[in-house]
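Scrolling down, you'll hit the structures one after another.
Shared between the two complexes below is subunit A, which pairs with subunit B and subunit C, respectively.
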Partner chain A sequence: MIIGEDPVLPGALEVATLGMTMRFGGFTALDDVSIRVAPGSFHALLGENGAGKSTLVKCMMGFYHATSGQMTVGGREARIADPRDAHALGLGMVYQHFTLVPSLTAAENLVISRRDTPAVIDWARESRALRDFMAAMPFRVPLDQPISRLAAGEKQKLEILKQLYLGRRFLILDEPTSVLTPDEADEVLGHVRALCAAGEISVLMITHKFREVTAFADEVSVLRRGRLVGQGRVADLGHADMAAMMIGTSAARTPLPRQGAAGPEVLSVRGVKARDRSGLKEIAIDALTVKAGEVVGIAGISGNGQMELMEILTGQRPAQGEIRVAGRPYHATRTEAQALAVRYLPEEPLRNACAGRMSVAENIAFRSFDRNGAASRFWLAGGQMRARAAQLVDAFKVKTASLDAPIAALSGGNVQRAVLARELTGEVRLLVISNPCFGLDFSAVAEIRARIMAARNAGTAVLLMSEDLDEVMELSDRILVMSEGRIAFETPAATADLATIGHHMGGHA
Partner chain B sequence: MADQTMIGSTGATWLPALARRSEAVVIPLAALVLGLGLFGLFLLTQGKSPVDFMAIVWKGAYGSAFSLQNTLSRAAPLLLAALCVALPARLGLVVIGGEGAIVLGGVATGALGPHLAAVPPIVALPLLGLIAMAVGGLWIGAAGALRFYRGVNETISSLLLAYIAIALMNHLVEGPFRDPASLNKPSTLPLVDALRVGNLPGMEVHWGLAFGLLACVASWVLIDKTTWGFAARIVGGNVRAAQVQGLPVGRLILGFTALAGGFAGLAGFFEVTAVFGSANASLASGYGYTGILIAFLARHNPLAIIPVALLLAGFDAASGLIQRRMDLPDATILVLQGFVFLVILISDTAYGRLKLFHPERWA
Partner chain C sequence: MEHDIGLWGIPIAILGGAIRVSTPFLFVSLGEVLTERAGRINLGLEGTLVFGAMSGYATAVLTGSAWAGVAVAALAGAVFGLVHGILCSLPKVNDIAIGIAMMLFGTGIAFYFGKPYIQPVAPHLPAIPLGFWSDLPQLQAALQVNVLFVAGLGLALGMAWMLRATRIGLTLRVVGDSTDAARAMGLRPNVIRTLATAAGGAFAGIGGAFLSLYYPGSWNEGLSSGQGLMAVALVIFARWNPIACFGAALLFGGAGALGPALQSVGISSGYYLFYAAPYVLTLGVLIATSSPNRAMAGAPGELSITK
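Coming up: the complex of A and B.
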């Protein structure tokens, strides 16, 4: 602070970024982004996964140091070296997941969150102070209950109260409603909105949900691929406009060349119901079919049930309803998967499809180690396993120091190549894929997509779940949109309209 | 890129391969030496000489035919107890309640043995052994089942089950199965001589040692050479990947924990038929806990368990001599074991971090 300068005015802060750019090596995560959050305004930050929203707010909070660009807080330039500097300026952040200690009461959580908490706490005094603080707030949370007894909405309210208690006047909310029911979400955001209107705080909220933007925000900024692609007053924008900005209009990638027409039905999912990860919402797939020689792409913003659908299809999540492969009931046991030639490429292959400490050769053998032609085997055939792995490593160009190297030592692209080698070898009738190219470099992406397309052209039925709309457009014959745990929309890829797809992704029919 | 084009080349690749493999041997050995070093410091604080200590351990454990046989006899239950930890560990489970399975295997043998006096030993002994294994398998299998079906932490549940097993043993041995003639030390009825397991030919070491060695080799074959073992290693490596591969995770967990408990139950069987002649409180003598240390030192490799068990059995065998010659309490050996275990657990963080063992360094 410059001596003699006017103090920053109390109440809601104005915060702005100017030409914020963040590079990680050769990758530009954030490219010349300037946004301004006016004092007392509720500003929404929209964008797909990987659009740079998190990078932007992490730069603002001092978790990252931007490669170039500036920030102003309260109208003057601010240098934020770490989150403590941000806090001192009155900037605070509420995370997607709760940061409260579940076994402590709300009062205890508030007091320990302060930086100046004394070694010996005078609880009588603190309680009085907290009661006074609560009385001045527009909404309340019981102070003497352990956090573990509070509902999710109450916890999120307490997270926001905590920021106010700590004197923060600019809040960043990172998808604050993702663990809340719709009613709870409306209540919490309503309170936040009132605080903004009263001039207590300014808010920048990261979200995927158009509905929340329209209902609560004043202004919106849209990021795509690290660039600011749209900005405006919410009152002037419709869902269609926001969707168009979010997914872009130039994104209409031409589908890859393909041959052959779709054959008979391979996968059929009927009336499948299951709980989602949070246990609060339901996943319900009424009807989903994939034919031989066809790629069915499921688009959707993350957290709308794609992960759960993958778990249902891989037998990791109990579900009611009927799943058939080639007309036969399917429960994802190893015998069924082998008999019906069903293969999987789960997202993050190292986490979901490999044993990191086991060798490359062993990981490649996961599908076939217990098969001896059509029969099963009891004794492991180590020599055959290695020979086969050597051949596949060669054919799929997996770069590894040795077949005996632990697979965790490989780069992401090579892990995915090894998994592809394992899953795409031999007859494959059905291939279920989730985000196959997430986090991979350009050349690996092209190669992996070409392999998937080759499998389709050879007559494999492919179900592709991806948060990358370009990928869905490029690979699919038919596109489905998943939203709120349901299939919300279906269209042939040839006549797909991006704006319509974006609209359905945002949760509005 | 040179280090990435080695596949298919016929150059000297044994050095990098050796570097990787030696990691699993050198780190536990270094941990053992460090643990002994710390224990040496502890002895110095007690005014005792670490050099004398090692000399007495050598004498008491391996120095004479008598002490060597004493060591080997103690190694028998330790081999089986260590397998009870090592097998579940390959599936990613930390089971530390082998003591309970040993105790119950012994109690089953001691309680049923006297009723089989009329049955030919060739039938009765295998039958008793199988029953002891079944009881032990049920006990540790229960910890596996609780883990798989109810999500109960198997480390805690197996430990608590061990306490229950010991309490159960005390109740049965002092109550329903007590031999009225056992006055000072409540025991079951003594086994007839025909049901006592004898010594290995030409040695003063009972047959339990042979079965312990056999169990280690068989376990190694099971884990390293069969598809079941491979499936178990996938489960241990990443249970999510195993599920995506459609592997029967539940059956593998139940099967391997039950087999592990079965081995511990077999240890109890040999303690009763070869050592005590009846079941009593001496069954809970801590073999199950020493087995934990052995399995961790051996990195849960069944073959590596053999030398480690012989080492630890040696310490055990020498403890009496240490007590007499050095005027130290017999708990001294527990202090040593504690030091070694602590260093072993800490050394786990060294894996993959030491450049010495990186194949690239030698390529």
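Coming up: the complex of A and C.
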């Protein structure tokens, strides 16, 4: 502590940002954002993926150094150069994934996270101190169990307790409920709210669940594309208002021009059930059909089962139920995909659709290397593979140093183009796409969307899952909304109403 | 024979054998526990063991002091561990590959420098005659407990305490279980792992000194019969717990003594099969503790084989 500095007062802290701006090269991730978290208040930070929520809190915690803007803690200006400074001021953060050490007990985790852990730990004394600490808390966690045996909700509670144990008085919670069941989420957030009400802490919570905002938060700030687009007391705002701020009604995109009408049914999904990624919730798709020459867009806030649906369709996730393509049962084997001309563009294509260390030419040949016209082949035709790759790299404007470069060396947009080149070549009856333009620059986005549209006009059935509502609006003929692992709403794109869609995305029908 | 105790000779011989044979197992496995608890696997401990045996023996021959030999063996082991640790701290270096290289390097260099020490006789480490209360010579022989065995027991207890109740111990476990959590706490995982590997190497070196300075008690190229490698299996068997390591080392030692014990009571046919007992036990342990779909309970999360 610097001599002459006032000690940090006990109790909840007031924290505010003033004109926080963060640029990465030419990209503005955060543009002049000012928010104030009053002492003892529960403030929600709402926004879609990529809206700048994480950038803002990383600037506040000192992980990033903001390009411009200031911060005040407890009403006085604070310079935070790294997370240590933030901790010293009483600022703490609970991350989306757990930072507890799985094989250590709760007590061991708490003691070792302290900065002044003694060389020899007197467990009798520490246990007494921990018991006293726990007794003063509104909720408890078993202290002598290894973390790996605790349920997700208990772990999240312990993460919060750890921050309090370390003397933090302002907490940033980064989507604290993403790994919890709804009941666990309610319990944890209820306790956090009680701590705020008791004046122990102030909280800034990143979320994209409206339900949690209305049920627990006092105030809300909404970010969209790096800008603060709305702010207010939760009591004064409805779901529709928040959805409108989050999605933005000003520049609603209209569907792109298209030709031709929908043909016969290509993809039909009936009564499909599977566990979600956390293993706690269920994905259940009662009925979903996609016709030839039609784009069906699935909108939804991330984490509502879109990723799992994609994995079911690509065969990466076991599921019960019936999937048919062109009337025939489909189990996503390579043979079936080839026979029925099903192609995929999954999200994170480098991980889900490429072998990173193999060359661009080899990756482009994944669909065709063992085909010789209609027959199969044993010996690879290296020359043909290269020639085809060269032609596709050219046609899809993939920027690569050479055809032999490992595909992992390419930028995200170029990996995306290379996979799209592979998947859109030849006869394609069904194309399943997930977030095709995530993280791409403007020109790449326009080009990839044009190619998807061209495939649709040529009679391909397209199933598009995207967190970008603009993209869904632009490309789709029909729009479905996915929420809590189910299809909650369906509307033709031509007459789609943004507010209604936003309402269903927020999980309130 | 004056003291013919018949078949009782077998358990007594196994007990004595277990105490004698287990010490190198114990030291190597304790060293490996330390290394693996920090998140690295050092398969090179076999090489460290052999080099420790050679350097310890040579030092004892040259200085006339068996304890000087133990000290030099520990130092040599620490250097081996340090090399392994530093190499593995480099990006994209695999600890298992380095371990195998270090194993071959350690045995090779020990044979190279050890040639002149096959003939000379070194002083032995002292033993404590814990069998003084009995007048059975077999029991007295079996209970000749070496000082290093007692030290190993103390080390096992000390390590168990350290892992539970000291900052160093907890830090080690944090680093071994979650690199991310360790970084978030401001620890430097690579430094801690390197130091743990060096300390583990020192233990293995002491185990080697026991081989050449007590039992069998001479230096030759066939001195180690894979104890250093079996100790790695033993660590898994003992679930990375130092006290369980002590029991497991006794068990492996007893299995190793089965062949000689049978031979000593005159069973001469097929006893070579019983010499294979420790290896069969190793295989059995690995199969029994394996699982197709989960990482082993108790395994440090950062080990390259359990990830």
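Simple rule for what comes next: the second predicted complex is superposed on the first by the 499 of 509 C-alpha atoms of A that agree within 3 Å, B and C clash if a C-alpha of one lies under 4 Å from a C-alpha of the other, contacts with A are read in each partner's own complex, and residues count from 1 in each chain.
We adopt the following convention: contacts are C-beta pairs under 8 Å (C-beta built on N, C-alpha and C of every residue); 3 or more make two chains touch, one makes a residue touch a chain.
These numbers come from a predicted model, not from an experiment.
Model built by superposing both complexes on subunit A: subunit B and subunit C clash.
Of the two partner chains, subunit C is the only one touched by A:W123; subunit B is not.
Once chain A of one complex is fitted onto chain A of the other, the partner contacts of A:F170 are absent, as it touches neither subunit B nor subunit C. Note on subunit A: of its two partners subunit C and subunit B, the one contacting more of its residues is B. In the superposed model, A:P102 lies in contact with subunit C only, and not with subunit B. Shared-chain residue A:K399: touches subunit B; no touch with subunit C. By the touch criterion defined above, A:D370 reaches subunit B but does not reach subunit C. Once the two complexes are overlaid on the shared chain, A:Y344 sits against subunit B while remaining clear of subunit C. When both complexes are overlaid on chain A, the residue A:I112 reaches subunit C alone and has no touch with subunit B. Contact with subunit B, but none with subunit C, is seen for A:E336 once the two complexes are overlaid on the shared chain. Aligning on the C-alpha atoms of chain A brings subunit B into conflict with subunit C at a single listed stretch, 331-339, out of 7-15, 79-87 or 331-339.
Looking at subunit A, you'll find no residue that touches subunit B in one structure and subunit C in the other.
Of all residues in subunit B, those touching subunit A in their complex are 3-4, 6-8, 13, 16-17, 20, 224-231, 233-234, 236-238, 240-241, 243-248, 359-360, 363. The part of subunit C that touches subunit A in the complex is made up of residues 164-168, 170-171, 173-174, 177-178, 180-181, 184-186, 298, 300-301.
The part of subunit A that touches subunit C in the complex is made up of residues 84, 99-104, 108, 111-113, 117-123.
Taken together, the subunit A residues at the contact with subunit B in this complex read 314-316, 332-338, 344, 346, 351-358, 362, 365-367, 369-370, 376-380, 382, 390, 393-394, 399-405.
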